[in-house]
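Shared between the two complexes below is subunit A, which has subunit B as its partner in the first and subunit C in the second.
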Partner chain A sequence: MASKPVQTPKFIVRALLIGAIVIALAVLPAFIDSYTLRIATGALMWAGLACAWNIVGGYAGYISFGHSAFFGIGAYTTAILMQSDFGASFFVTLLPAIILSIAVAVVIGGPTMRLRGAYFAIATWAFAEMLMQLVTVLDFTGGTAGLSLPAYLNEFFFYYTMLIAAAASFVGVWLLIEHSRFGFRIKALRDDEPAAESLGIRTNLVKVQSFALSAAITALFGSIYAYWTTYIDPHSVMGPQITDQMVVMVLLGGLGTIWGPALGGVLLWITNRYIWSTFGDTVIYLPILGVIIALVVLFLPNGLISLLVGRQRGKELISNILRKF
Partner chain B sequence: MSSASSNAKSPGHPPLAIESVAKHFGGITAVDGVSLSADAGEVVGVIGPNGSGKSTLFNLAAGGLKPDAGKVRLQGIDVTGWPTWKIARTGISRTFQIPSLFINMTVRDNLLAAAVEGDWQRARDRMEDALEMLEISHVVDNLATELSGGQQKLVEFGRVCMRDPKVILLDEVTAGVHPNIRQIILGAIQRLRKTGITFLVIEHDMEMVKEICDRLVVMDQGKIVAEGDFETIANDTNVRKAYLGRT
Partner chain C sequence: MDLFLQTLVNGILIGGILICLTIGFQLTFGVLHVIDFAVGGWAMLGGYTAYWLVTLAGIDPFISIFLVFALFLLIGRGLGPLIYRVRTSRYARPDLMALAFTFGLFLFMRGGALWLWSYNSRSVESVLSGQFLSLGPVTIPLMRLSAFLMAMLFSLGLFILLYRSRFGMAVRALAQNRDHAGLMGVDVKRVSAWVYGIYTGLTASAGVLIATIYSVNPTVGIRYTLFAFFVAVLAGLGSVGGVLIAGLALGLLEAYVATYIGARYSLLIVFGTLYLALLVAPKGVLGRGI
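Moving on to the complex of A and B:
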């Protein structure tokens, strides 16, 4: 048959759907109160974070339990550079945040991603723990007291900044992984590393590239988050609950899919806020995360997105990744 | 280390030359000083009883394992100790004894993935050619897991073709496949060898060996115990000993 995909109707439906989502998101702030706007801003952030984690966890198949470290690196870099000693403006802090996160990802991922997935999982987890302890004792990070940032009291600014960052992450992943050579490299090494190598793919390099990309996006959201909340401390931006949420959002939505993490991120964040506003607390949220993981892995290995778009790929994805352990 | 691309063609050098390679696993000597070279367009059969070191030899040639001793040369380039991806880019491509398709990907994506480090511009055209030659066009949008065992072997063969290699190593590519599929594979080998591609094939099926191999190499306990054309090998006492002595 022809080498071009001849799926015009499907393509048009998809383009219309995406267009509708973009317009809806762009005009949303005009129709909601500021409390709901905050939830929406958070939902965008978590959708973007899930999208970021999915690059290394879902596409490369290397499970990171340390993404909170990158979120924290972004948050602290922005917070520190915006203190009066430096007085940097917000957007100027993004570049060093991203560069630092990439450097750390290369240092952590370089040696450990050559090994089985379990080594990487443990190394990322241990590093995140260590970094959180470190910012707790250091002076320039504010210790346990944390850091305050200059307030910028415009909720719309943060909504649109998160929207642009989330959209850019999503489009970036879509272009890079679903529509470029890089995507073939990364998915090939996830499915069968020796086979990928035998086809000339430099798997160790591609793995670290995917980790660095994932880390950079995570740090970007950490930066925006710090400016948004105007106050950060070690637990709020480096606590393990950040990684936990990212992992569960991706599993819930659909590991290694383009839409799944965004869906999982939005749904789970709304659930989180609902529980918080109903019970005044999020203690029961953690057990709920646990139950969701168990249910998804057992009954819906391709995540919620598989209910919407039907078959996209094999059921073997999770077991394939676990096999790397 | 600049000659990773496949353009270093020196006419005097065979596409593949394995020189006294050895590999030990703990106490086991899996490959014990094997030398073997193959010319352009030649099909060399590697046979021998189970555990005689055939697959290990392929791994040493393609870089999946590093030899403890000896050298591997591709078109005269010493690739010993190079990482697998770099050896692959030098012009060698192989199939695996155990199925190794990208199981979460379609047939199309499996084939395209094989071209990412090669001629990406023409990848789709070449994919059509491979699909047609291997008669798997009708399953191009199927997931790898939705294929029969024989079709999986065909796709793996197709992936190798997409690399546009000088040397192809086939590890039991016809084992357990339907005779029709075996015929397709056989035809593809015949066709590709005419373009100058060198084949090393591990085969247990003697009919197949007889039909396609110019020359046979018999391994036993990590060593080459006999070498020659099919008739010579069939009447060789060492070969009989290797096969009958332990089965």
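Moving on to the complex of A and C:
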């Protein structure tokens, strides 16, 4: 009884804040030009991708360097099904893309997630590179030349599609991980795998489930991205830079938090576009990305989100930072 | 049969250089417990240093390799304490934080090289370029032979240092148990930093050899990080001896695939084998990995 009046206002404030963000995002396209709209669409995509990576990297504690494989699976499924021989419409291709990515994640995840730490990182990386090489030598994927999709030039459509996909991913992850037993299992597994197992958690099953969930969300964004850019090739949708960005966004925002990846994703993507429009290319972006990772690891291992979560933790954090010097 | 022999020789010569590329990486893993993503980046920077030395100062790569080794030994020695600090920090998951840190380092090197020198490939010329040695049916480019011998020289030097010196004894003690080595009077921080320096020196030297045989451009780093991972995983992470077998295995695998199946499949097969090797034998061929 005593706790209820204390909790309610906090809950209302939080709900109002989220409602305000949703409304702001929904009416945003009416106020900006089409160039800024494209940047906003990209920001939504990267926020969603970072959120997907965070399931495995942040909550389950398995650093995956192979998520570009799932992005590519989504993009290529959509692209192949929308070629003239199949002629499927865009929304129809989403389901096969997600099912295929889940199937691959289960087949790959089962054996791979028995590996720990660095071995897992190397194995997922090898798998993603292998898949990229495979797509390069196969014929029906168009080889190095890539594939073109039927163009649909409606920026509003893509903005709202990305918005719905990103919002659905966030709500899904929030419900599944912050508010269900599944979330407790994942976090228990991250914090102490043998202990979690001894408590009766089927760790292998939970690991594969989280990997599949993460893969499905990644593939969904891959599909939308392919239709949005209308042209894909092995490097643009399966190259290591996709995974690089996902990892950095989550690290920058805060591993294993719900809002951190979104914050990191949006900030980094806007930085990327700003550099692109200032320097004319994104080459200088790579070393900046590298320096950001190194600085975050050294001084802010809990991510930017830890700067916003209250005075007590902030104080601890600053004392940590000062001790580094 | 001639083609088979020629491929065998090519595979062994490349394998020797891969041994030199990976041996320092293994030592770092054994002592610092850090998987260094930047291993290909060090090799690339070594290649570029040799390129600038031969272009601007006219120093042959087979002489400048010693300068490159010394330079990167000092750079690595300077960076070592930082790596050690990340790896031993009291935050959650320092192993993954160290992986992320070297990953950032690697992005910085690759991006910096792209920004400064763009995508162009540069070849490092030596006096031995274009000379051949004929042994019956087999033709050996003199450059590859000398590079192989140089790689063996560096690897042998590391073994002598490890097994015939007081410093080597301290390094081996650290690899066995960091706390006990510290209690026995080994300066853990300093030795770890020097190990990181030796690793960057060796890897950059291997990069010089690779650059003289092929060429160097900012994107080769990923490829050599992959090769180093492959050799290290096959050898068993942290096992220095296993590298000798695994390095030759990768050299031969790549040579035979390129000759008999086709060069465009070589990376596909190398990545596929790496993935399978990780699943089947994560402790490596000798079963001595950590």
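One rule holds in what follows: the second predicted complex is superposed on the first by the 303 of 325 C-alpha atoms of A that agree within 3 Å, B and C clash if a C-alpha of one lies under 4 Å from a C-alpha of the other, contacts with A are read in each partner's own complex, and residues count from 1 in each chain.
The rule is short, and it goes like this: a contact is a pair of C-beta atoms (placed from the backbone, for glycine too) under 8 Å apart; a residue touches a chain by one contact, two chains touch by 3 or more.
The shown structure was predicted, so the numbers you read here are calculated from the model rather than taken from an experiment.
Contacts of A:Glu197 after superposition on the shared chain: subunit B is touched, whereas subunit C is not. Touch criterion met: A:Ala188 reaches subunit B, while subunit C stays clear of it. Contact comparison for subunit A: of subunit B and subunit C, C touches the greater number of residues. By the touch criterion stated above, A:Val27 is placed in contact with neither subunit B nor subunit C.
In the superposition on chain A, A:Gln133 makes contact with subunit C only, while subunit B stays out of contact range.
Residues 1, 3, 181, 184-185, 187-188, 190-192, 194-203, 256, 311, 313-314, 316-317, 320 of subunit A are the ones touching subunit B in the complex. Across the interface of their complex, subunit A is touched by residues 62-64, 83-86, 88-89, 93-94, 96, 100-105, 109, 112-114, 116-118, 120, 124-125, 127-128, 137, 140, 143-145, 159, 163 of subunit B.
Residues 35, 82, 85-86, 89, 91-93, 95-97, 99-101, 103-112, 114-115, 222, 226, 229, 233, 237, 264-265, 267-268, 271-272, 274-275, 278-279, 282 of subunit C are the ones that touch subunit A when the two sit in their complex. Residues of subunit A touching subunit C in their complex: 61, 63, 111-112, 115, 117-119, 121-123, 125-127, 129-130, 133-134, 136-137, 240, 244, 247-248, 251, 283-294, 297-298, 301-302.
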